[in-house]
């Protein structure tokens, strides 16, 4: 049976049996001395403040913070917001629900995005780059993670499939832009864009929430990707029986290492080949415009013309749609092609 | 009669009557006690070391540094380089030569670039933006300068027509890129790109060399452009009889003011609308890739795989053409369409 | 009837009918399940925590946050602070109260400060600068705002009339200082000081609170002022029939554009003429000393010898009056002349 | 007999016996194999390129670089510049010439400036500050150096008496400015200004050229001054029999330590009392305007409207005297009072 | 009788008469309208939330915030934490308790650390440095404070005796390291390490909590130390009858002044002698490794593998003990010798 | 036959047949119109200005810049310097001379340093770290380069064997220092120090001069080392049949990646484990003290007490040996053990 999401409930309704992700829990005492549990429950559409009266410490221990549970209860209106009064809890067995229902997910179709990505990458003509990219495409476990990973924990494309969506958009843009830079290699730019954030497949975990893995924090996704390129280039050479050209290997690694464009953003090298410049600026173009749109759409104060100050963007964002282009609710980037 | 350029001369030839721009001059004494003039003469294809033996102080005074003169003499080989032995000098009357022969100039056709630019800008649909752009297009004196100005004194597009070439390339790129950002206004981006560097039409003088004008240095091209937008918006309102929307005016000015993206590069404001982000990154993409290619092509040490360190690019540039794409000599960006 | 201000009330008193500005409001439930409204009411002398028991949602909706209302009730002592128990509320019709009573206002006389400002500016002898300044003085709407605007939203002179007070103090100081710099132009410094922050007349709104306007945030007051100078110089030329000298226009605009002295503070240009240096440092001298004094006077912890760390001042401020000069309560800068 | 200065000589003249400071010397060989000495001679009005033909190594060794010598010879014109052909050299005995003739010196009268400085400082009313200042004034050796020291090696007031001139100008300015800041202590500001750069009396040597001393470089003038204040405050206490108030001592030291206003300019503390803010900004006002004027006056290219880029000022300086105030040749700041 | 510490109490126990340091206190009203005091009591082993029901304003006034008092009452379990219900309060007379029981204190033996410190310093062979160090060692009041002071208010060695522990560890390390740098002076390094943070003896107060003194904030410990060296060198000269060598004095002061290694950390000079480099890096090595260990050990979330982001360390700290070396509970650095 | 070095020759001597490295060459014409070659010849002890009169273009082409040649001729005194008049040139066959004679080389014995390094590394007890280190030690080609590589192109240890000398000194220091940090792992620190700069074995070429390789510039030595660790850990696992622990791998890589300590020095991550802090500071201690000593010893102006400003050290260096410890000419760090 299809899940009903938090965003679809209203006050006065009952929930007989539904799984929620427990973001946080708190055991509190009433003024009369009794205990109650205050919890925040979420799915991918929003969050719900919940209370369980006449609680015990055992009940509290049973609820896994950051994990899943089944709930029963009723929805009330509390100071203008929805409040969930829990009447019963039960374990939620793995397999009995979809983890994907609890994390935000791309609005685009992952399979269609993936087909198009592969199609573009299959168009790479330079034999060495084609061989290198093939090694990555053939790594099923890595590609599985690549298709699901978010592009960031916050900021831009912070949802399941976000890394793929970001990467594909860049590939599409590069196909159109590069004819205007005939002295640069389209193949090298496509390879660089495909691999620039691939380390995030491992840097970010996305099982129940978006977080950095240990190696993500100790090494970072750009060094991670450089190491993978090393091994995939070796594997390509082994497969084709033809050594992978040294300069080509270094340049591809360099493009990935330098794509943050500044030392303080974690790039150990600054762009030294023109194609690295392209990867750096197109990546920023896509990431920053998505971050701006995301700031505008997520701003809760609909009366305000400015969002709050955003540290990463170094600015508040001006929200008025002065040209009247943002009327359409969704941004389905596959549809527009 | 068509001019013969420095790059076309060889040792042993004579020059009977040709105009050169005098980059520098020096009055020196020989070991025998006589005087001679050592000068560097240029046209847009290169420079020539010249000597005038048995010189007098009067001759020296007659030669305008940074100005033009007619020369007669012979070409010799001196330590592997061409040397011009001057045998006679004469004033070069204005009008008797083409100033454009002495400054580097775009390899593309200015008229064709201009037609295409106007064509793209005529495609702007939003009535207010179309009206504003029309005011600029109707300013013949400004457009005349816009078509001739370089985009910079050094670094990128530092040649006659460079500003137009840079602007047109950005407009073409935006036409292809913007469909992938449906929540942003193409019209606003096109307007922003057209106007982002238009202040350079006045900031840079290009009569006999590329230099900053006084107001260019005191105010800068981005504030200059903001002031023009103010006046052109007033003019558009006067012409159409419809007040120019305040928010639209501010947003267009903001895009221009913020397009350098960082305070230390002279932007008094950082991008606060998504379209400003697009203008900022596309501008950098075009300017920096041209600067990289220019570094590679102008590097004199053909044996070296790296250029010298470039302060503005914060890097040395790696020159090997690892993908074999830079074989074609010229980058005619109009041809490629 | 003269208003009685918050600072003049004590516990045990009644308020029969008085207007307050509602800074914030909150609908809360009691432990018995009833509703009450918790609000913060202000006027220019302070703020008052208020409670309205037995509230309804309708009453809550009726109270305009950031707006005005008439109140009736009694004052109690609650944990050492005054608390206002609201017994009745009524709409406050515009015109029935003075908005100025609700915003902090300069302690000096605005009319007297304005007369003195005009007197000093009328002393400018250079004909072009005098003509330019006259155009500004003749702009009644702008001068009306100039006289009322604060000089900042926080930090220094953050009160009605603050911009005028700050500007006048700078003019007075310049009159005394400039004789020690005979190679610099007093007229240019006076003009620069008059115009340096004039953009704040538009950048800051001060109707019911101090905030940045949209154009204030998108363009900033320094670019705004540069644009006004452009138009006023044109107007002066039209009026006098004599073209406004280009260099003079640029230099005045440059002084305004560069007066923040550093790129990261929003100046697109750094001072390049000596008079710009004077405007920059005198402005800082006045703004920063006022900010320091303000930090000391507003610090609530009278036992502490240091204020809290102030991000903008990059320091905590040391409060002891080691020389015994801060005994006098107020700083009436007009009286001291 | 009064010295004749370099600036007063012309080509064709003879010098029979004159002392010069030898800035640099070089032993070179002619194309014929002989030796000659190339030297640069200076006095406070300029420098002179000199040649001594038929030189020997002994002659070369005899000439003290950075020291003085007597010269005989003739003046010629060489490529438009004056050249001195040395015909004889002799030792220059100390006492037989004025060292002050060889270093640039203030255009103002040192004694008159000193009297006025003392007069102002004697006006300090606060007994502790007056006692502290008296200790400094009573240190004859230190005051002797204070009167002669330059305020810097380059940049501003880089001449004998420059430190005194800079300090006095600040005191005069403070007397006029402080009435507009009635909550601040004039006495504390005067004391701070007097002592802020006093460490330069020791940091800079000025016997034959302006240079940093070893302790100047290892400790810096601001820490040096803080240590002197410590000792002078002890001495004042010993003399008056009254302990010097601790807070007062710290605050005076703090004003000196923080007067550079930024860590990267060598201030270990940032201003934390309002009077420190005054000292910081007035110091910069005086130093920077002098540096700007000095850049303009020393610029050799009279045809150019801009000076070269000055690293310390972070700008080129715009030279046109748009208000027509710099007609008078000299800046005698004592005369103008 | 030995004190029983907070860490040793459990729920259900009674406290008949014990002194606590009152970190904070608050007078609150119950829902019934009565008053109660909420306080936080501490000793060096932890803190205790306390409540005193049926309180009066007089009782509240009697309790000194930041001071000591005797308490009687019972311990309860409140939401998993210990809560102290106060039944009686009494003044705590000075002398009737040990202040040291209320501040964290080094785990090492202060006397033993001091003996070893003196022993190492007595090994300095250079007569001038030995004389200077002797003057410091002979200053009993200063040495008394030196032995008790913490090395910082937070971050590293933030406990009684921490400055001594940090200094001794550095001396021990230097003894082992310096043989590998034979061209550097061990004596100078030992002197520099002994004095580098000695100003903290005065900069930090540690009577009832760790805080900066007024002079600590106005001057800083590094300038403070430089001034002491000045006076102690004078005293050494007076005692020995031999002038203290100027260069030696400056170099020792320079090492102290430059030991923070960067201007923005408050060093007015950067290291200019090799021994200053050694002092700077060894100091950082010791301080930073202690800070890292401290972050790991104080992190409350035992389930997490990363600490929170630490601004001063510019990083989160990775906690897993991958080499299995942190099994031993305490870090008794004297024991390991 | 043993080579005689440049430093051992004097004027008047003859050179019958000696190999030199040709640093630069120049074909010039005499005033009589003939040609001569001006060249700079070097070996590891210094350089020699040379002239070959009656030269031809063929001779000039024959001389390999950056390569070796045999020379014959006589030594003269020219303006106080030695000048070599070339009388004959001949090809220098590879194998007929020692390349090592032409590059500066460590004063210590490479074999002895290597034995000691291996000895220390064999002392690593942790089995995984020992296995990883063994893989590196077993890579003969890499270890051969490791033993010969300089530690930098300029600055510190810029000589053959410099990387080994720097690494060994760090290992020795760590052995002595780590007992004072018992909560940190000595094994991890030793491993980190061994590997921290190992990438320089490949980043720097040292065949005829010290330069960066292409991959050195595109990737950098720290990413290079991280990639090697990845492969060596795989190899260790394959050899031992036991998977290499993931956390251990990441931590070792992290220590190498973060050892520059700041983003702007090319570290993509900042230290997040205590052992990384140790490696960072010990590395700096050794590198910077060597750089300071090197500045002092290489300063040519023996009269000056300060070296020139050194950009990398951000300071001039004070040269006086105030403690009298630098009398011994050489710094044989192996001898001192």
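Note that the chains take the letters A, B, C, D, E and F in the order they are written out, and that residue 1 is the start of every chain.
Simple rule for what comes next: a contact is a pair of C-beta atoms (placed from the backbone, for glycine too) under 8 Å apart; a residue touches a chain by one contact, two chains touch by 3 or more.
Because the structure is a prediction, the values reported are computed rather than measured.
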In contact with chain E and chain F alike are the chains A, D
B-F or A-F: which has the larger count of contacting C-beta pairs? A-F
From the centre of chain F, which chain's CA centre is farthest? C
Sharing more than half its contact pairs with A-B, counted by residue number, which one of B-D, B-C or E-F qualifies? E-F
Same-site or different-site touching of chain B by its copy chain D, using the half cut: different
How many angstrom lie between the CA centroids of chain A and chain D, rounded to a whole number? 62
Whole-Å distance, chain D centre to chain F centre, using C-alpha means? 45
Which parts of chain F, given as residue numbers and ranges, touch two or more other chains? 31, 214, 217-218, 247, 251, 254, 272, 316, 318
Pairs of chains in contact here are A-B, A-C, A-E, A-F, B-C, B-D, B-F, C-D, C-E, D-E, D-F, E-F
What residues on chain E touch chain D, complex-wise? 214-215, 217-220, 222-223, 226-227, 230-231, 246-247, 250-251, 253-254, 257, 263-269, 272
Could you pull out which chain C residues touch chain D in their complex? 126, 129, 169, 172-173, 176-177, 179-185, 187-188, 245, 247-248, 251, 254, 270-274, 277-278, 281-282, 284-285, 288-289, 292-293, 296, 314-318, 320, 322-323, 325-326, 328, 331, 333, 336
Chain A touches which residues of chain E in the complex? 31, 78-80, 305-306, 316, 318
Enumerate the contact residues on chain D facing chain F in the complex. 27-29, 31, 214, 217-218
